[in-house]
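Chain nomenclature is as follows: A, B, C and D, assigned in order of appearance, with residue numbering initiated at 1 for each chain independently.
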């Protein structure tokens, strides 16, 4: 009893999921671990944290203004939290002060848990200050923005990371970071804000780059398997586009109709 | 003539607008006042909203559920419990309880995102790319979209096998970024023009030169200060 | 005890996401009402999370006030404003009362709109810094931006009608190629990330691996 | 001179901000009246409304919200003004967002609608209909099945103008002001199902989607963002907020282009110097 028009959706979601899970399984059993190319932005993360430690200035991180149950950017937020775990570990290791600015209340408990864990794993639990290392600013986009840029100015941050679903505040955060001289790495799946990051930040993980980086940086090698799954899904899409376009030039609209079913 | 309440509101809002814009010069007490005011106000506003939300979305449903024996209504006790569970993350012994609440929110968000993004982004965009190749522009679109998609291939061997296409795809993406960047300018300018228009009303606009004078005075004093430092 | 709850968390993650995913493609009233309820549940839990935020704010600013750290008067201002909004809101029982509206339009609206409008200024300084033709990539970025500016502003057509036309061609090309690939990639990437979290391979977004 | 160059190098951002402020503020205080070329899409809307005859019915979809106000509201005002100038043309306002009626009433007040024409005879405000595309479909099929009363709670039966208006067949044109996919609703429900002529007023981001419909001849015109509004204000000779803002827009865009040229000029000089 599939709804008409959603058949293609069900097939595609199921098919892609099976491919990804199959490769995830292969990778977790160490049968096949794909080689993933590194995005320059990923390398820049540890470079920026190291630079901040050298300068003795803090590192700031924003996991975006989209909530955990956002209907469009939930994946974005989840990826940002995974990257936060990596940045927090790097920052604690290098000894630089970490400041995480939070807008959506739902992300706050997760971010607190992640950062607290990162500190205690390095045996520096006492350096984690409740309410201060992970700072809640405001659930309101502009309340958050004003606090975050105020913080960047006052703390003179040396490295700034903006990941996750940012909206119209993206350029304001990024440009303020540039003004205070921070090295910035950003990423988002909000296609309207990506250009802002590309223009104002040193490195930008464009769209899927950020989602793949979350898997790449994970200590668990099996996760790279899904990245290869993503590749296969994309190559299928390329195939559909090329074949579909050629067929429709010949007047056959079968691919289009299949997708519309 | 305006009534005093409107006049006061206008003067406060103008002062706040100017205070916020001083960040373009440098971080300063005026900006800080605006910043802390807006955080306090928005968090207070959100707390009130959240209280009403819990009351209307959960508490009332439980009440009417108990009255009518509707199980779906009574079940709204569960999210309220899960909400309380979130606070256990401050107690290291019971931290695992908070994970249950987080799991619920994350599941809803991820599932909703997946269903929307596969339907609109993937299927919708592939459909859009299937137009017949009737002209040079259509052929260029096809090559462009294929190259840009191949840029997002991460596996080393597959990426190498695609030859120069991912590199071309990177240029296509940069072109897109430039175009979308410039295309937002007009909307952003409209907003700042709207704000400026609201500043240029009668009693409010006198505050603009005052703000400029303060900034100039500050810049002058700081300049002098830095010079004497050098001399000393 | 902890192990049981951890399994409950994994089960909720899996079941709730499957219900919502199946609800999209299947026409089934029970499934639909469960999915709607789950969605509302998440909103209710999310509303509770604000308490953690408020606690965190009070903790930080309370500490700053008691320690008399340099910015303590601002912390006092913040907590005072917050309290004023909560009291007015809860006392009037609605967020649409005239008193509430007055402070809303006097404080939140102007600050929001001026921060929003600040984008126009930052576009200027960011482009001055970033649009140097240092590499071929930067050059492509720059050329696209210039032609789009001439396309949008009326002044472009006044200088030469060809400028907006080129801008239009670039815009159509960008929307049909780069944007399309970006959106497809995001859809697939989100599916992959979602699957990793849902099957329990990726635990960080739940609060880190313990 | 040295000092000036020093300021420019160290505080180039502040200089840029000041320049932008001036290029926005000066034309707002002293409008320059830079020429505004009229686009085909705007002309399409203008000609369509100009060609309306007494007795024709225009439906205005008022889906304005705070987020799109800056771009779309000026278009909305200009269109309403034009419609109210046409004698005998009947106007129906309806939206499908909760905020819509507030903005519609504000616009009616701004053009002094209640003073110029008679409510219920020349124009009717139906408020908002909840239920997205299904609601628009219902409205097109049978207005009275969906709505019994207007925005202020008066029965539709008491409004003389609505007597002969039952389905989308009775609408001469539909002009929808929106920022999202809901523009599709009228295209699917009114144009595709009943052949009613449809046109749009949109934000800049949404224009490319609608352009495909325009070139295919499915819609008669588009007002594009603030520039569309400004062009319309010029066409109906009622310079308003958009036309005034257009000078500022033009100057600011020129400033942006000048900045790009300038930064590249500096960059090339530096690069040559290094060589």
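Just so we're on the same page, a contact is a pair of C-beta atoms (placed from the backbone, for glycine too) under 8 Å apart; a residue touches a chain by one contact, two chains touch by 3 or more.
Nothing here was measured: the structure is a model prediction, and the numbers come from that model.
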(request) Would you mind naming the chains that touch subunit C and likewise touch subunit D? (result) B
(request) Tell me, please, which two chains come out on top when C-beta pairs in contact are counted per chain pair. (result) B-C
(message) Using only Cα atoms to place each chain's centre, name the chain farthest from subunit A.
(response) D
(request) With chain centres taken as the means of their Cα atoms, state the distance from subunit A to subunit D in Å. (result) 36
(request) Could you put a whole-Å number on the gap between the CA centroids of subunit A and subunit C? (result) 13
(message) With centres defined as the mean C-alpha position, give me the subunit A-subunit B separation in Å.
(response) 15
(request) Report the inter-chain centroid distance for subunit B and subunit C in whole angstrom, where each centroid is the mean of the CA atoms. (result) 4
(request) Any chance you could list the residues of subunit C touching two or more other chains? (result) 21, 24, 39, 42-43, 45-46, 49-50, 52-54, 57, 71, 108, 111-112, 115-116, 118-121, 123, 125, 127, 129, 131, 141-142, 145-146, 149, 152-153, 171-172, 175, 179, 182-186, 188, 190-191, 193-194, 197, 205-207, 210
(message) Can you list every residue of subunit A that touches 2 or more other chains, as numbers and ranges?
(response) 6, 9, 13, 16, 67-69, 75, 77-78, 105-106, 109-110, 113, 130, 139-140, 142, 146, 154, 176, 179, 191-192, 194, 196, 198-199, 206-208, 212, 227, 230, 234, 237
(request) Name the residues of subunit B that each touch 2 or more other chains. (result) 20, 23-24, 32, 34-35, 38-39, 41-43, 45-46, 86, 89, 95, 98, 102, 105-106, 108-110, 112-115, 117-119, 122, 126, 129, 145, 149, 152, 173-174, 176-178, 180-181, 183-186, 189, 191-192, 194
(request) Draw the chains as points, connect those that touch, then say whether the picture is a line, ring, star, complete or other. (result) other
(request) Spell out all pairs of chains that touch, sorted by label. (result) A-B, A-C, B-C, B-D, C-D
(request) Sort out for me which residues of subunit C touch subunit D in the complex. (result) 120-121, 123-125, 127-129, 131-134, 142, 145-146, 149-150, 152-158, 161, 171-172, 175
(request) Going by the contact rule at the top, pick out the subunit C residues touching subunit B in the complex. (result) 2, 5-6, 8-10, 12-21, 24, 33, 37-54, 57, 71, 74-75, 77-86, 89-90, 95, 102-121, 123, 127, 136-138, 140-149, 152-153, 169-188, 190-191, 193-194, 197-198, 205-207, 210
(request) Would you tell me which residues of subunit A are touching subunit B in their complex? (result) 6, 8-9, 12-13, 16, 34-37, 67-75, 77-78, 105-106, 109-110, 112-113, 130, 137-140, 142-143, 146-147, 149-150, 153-154, 176, 191-192, 194-196, 198-199, 206-209, 212, 216, 227-228, 230-231, 234-235, 237-238, 240-242, 244-246, 248-249, 251, 253, 255-256, 259-260
(message) Under the definition above, what is the set of subunit B residues touching subunit C in their complex?
(response) 5, 8-9, 12-14, 16-17, 20-21, 23-24, 32-54, 57-58, 72, 75-76, 78-80, 82-84, 86-87, 89, 95-115, 117-122, 125-126, 128-129, 137, 140-141, 144-145, 147-149, 151-152, 169-186, 188-189, 191-192, 194-195
(request) Within their complex, state which residues of subunit A touch subunit C. (result) 1-3, 6-7, 9-10, 13, 16-17, 20-21, 24, 28, 67-69, 75-79, 81-82, 85, 102, 105-106, 108-110, 113-114, 117-118, 130-132, 134-136, 139-142, 145-146, 154, 168-169, 171-172, 174-176, 178-179, 189, 191, 194, 196, 198-200, 206-208, 210-212, 214-215, 218, 220, 222-223, 226-227, 229-230, 233-234, 237
